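Labels run A, B, C and D following the written order; every chain starts at residue 1.
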Amino acid sequence: MPVSIRNSQDEVTAIIEGEIDHHTATEIRKCIDESVERIRPKLLKIDFSQVSFMDSSGIGLIMGRYNTMKIIGGKVEVQNPTPAIEKILKISGIQKLAKITKTQEVSK
Amino acid sequence: MPVSIRNSQDEVTAIIEGEIDHHTATEIRKCIDESVERIRPKLLKIDFSQVSFMDSSGIGLIMGRYNTMKIIGGKVEVQNPTPAIEKILKISGIQKLAKITKTQEVSK
Amino acid sequence: MSVLINETRMTVESRSINEGFSRVAVAAFAAQLDPTVEELSDIKTAVSEAVTNCIVHAYEKQVGKIYITVGIYENQTIRIKIRDRGCGIENVRQAREPLYTTKGGERSGLGFAVMESFMDKVTIRSNVGKGTTVTLTKQICGRCKND
Amino acid sequence: MSVLINETRMTVESRSINEGFSRVAVAAFAAQLDPTVEELSDIKTAVSEAVTNCIVHAYEKQVGKIYITVGIYENQTIRIKIRDRGCGIENVRQAREPLYTTKGGERSGLGFAVMESFMDKVTIRSNVGKGTTVTLTKQICGRCKND
């Protein structure tokens, strides 16, 4: 599984593992959307600490989740991007749509 | 440096790091031969625990060192081959020319 | 233009599973320049964008061939040419604009923006109905410089 | 012969620095079959032998081109063709014999023996003065089987 999901009340945390490109994004998207549709959280946290590669398909993934969450009245938070991912986030201007945070604990 | 050398009286230990193929073998050979010619040991130990890849060029390397050591009246010992390297050693029959040993301590 | 030191050519089919292969193969060739982890990651990302575009845009629903040429030049420069024989781009200037995409949904329209910011130079040659060639150039400072 | 699922072609120059690139690139393509670490290592080793032979024997002192085709087939089989336009092999049966080498010094004469024991099948076609094609075939049991 490329995504492990943790649910708490009103929150879904999706921890993505491995590489994010156009090929892998399809399954990652399905995993996340399945939880979001079932739980309809107020906040979707996507954790990138275990992502070893990401291209602009990752931005498309975040934007897509942002749109879904907007419809159900919730927000998206981008957690623990690696330095390489931060570089792409910066180009995208996604920080205007989703808060970028770092948690202390290392996600597993 | 692809090889680190340890000398003790009558012994040279060559710890090879990285990949052994026809391309890298040239420099590895030079490093080892330089020490052998200077010290003229009774025993040349070649340690393979840090080798991440080896093809038949590694066998050529051992055979070549066996020939040099024979001329100066010494022996070659092959230390700590990884499972992948053991597979190639078996094909080669090199164990008839050089003792294959495992040391307890992990070489660094 | 400086002297070509080493070159490889690859042909891959426009299947999405080959996105990963293409960037890893180019990175394996680029390794000869002893790049930093960051430089290698930049190259992989830019290649991934260009190859994905061939799959998503150029050939869309068919399977076509993607031609990748990687050259290493004397002044520590790598040049990667990614060519398709797909639909071509009508307005290249517009295509380069950040957030511009002809595919809605999950495409961000940032492919060319990422290539431009991760490489030194990006050139696009395209003919509608004939195909597109994207050339990515980057000088590698590398790890040796820090020794 | 079973159905071809995915294929890539590569051309590399016969420089020894490309030995490492060639085996890593083939391994990156083979990764689609989800091989075990041992299977991947077997493939890398066999490819390294065949590519090295093109550099050391086929082209010897010139720089020529090495053509590598990697195909993935339906029954989890990988087939790797490594072709050169070098000197060719006069006696293929003799060349296959373990410890047989036309180069003394540091060549062990075990290249074909290693290919044969690490792959399921090795075929050699050669024409003196025209070149050699080595085809390596292996069925991948892979990691999934153990799940």
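Heads up, the rule we're going with is that a residue touches a chain if its C-beta (ideal position, glycine included) is under 8 Å from a C-beta of that chain, and two chains touch if they have at least 3 such contacts.
Predicted model only: the values in this text are computed from it and were never measured.
Counting hops only between chains that touch, subunit A reaches subunit C in a minimum of 1. Work out the mean CA point of subunit A and of subunit D, and you get 42 Å between them.
Mean C-alpha positions place subunit B and subunit D at a centre distance of 25 Å.
Centre-to-centre spacing of subunit C and subunit D amounts to 28 Å, using the average Cα coordinate of each chain. For the pair subunit A and subunit B, the distance between C-alpha centroids works out to 49 Å. Touching two or more other chains at once is no residue of subunit B. Listed for subunit D are residues 17, 20, each touching two or more other chains. Of all possible chain pairings, those that touch are A-C, B-D, C-D.
Against subunit D, in their complex, subunit B makes its touches with residues 19, 21-23, 25, 29, 53-57, 59-61, 63-64, 83-84, 87-88, 91-92. Contact residues of subunit C toward subunit A in the complex are 16-17, 19-20, 23, 38, 41, 44-45, 48-49, 52, 55-56, 98, 105-108, 110-111, 113-114, 117-118. Subunit C contributes residues 6-13, 15, 17-18, 20-21, 24-25, 28-29, 31-32 to its touches with subunit D in the complex.
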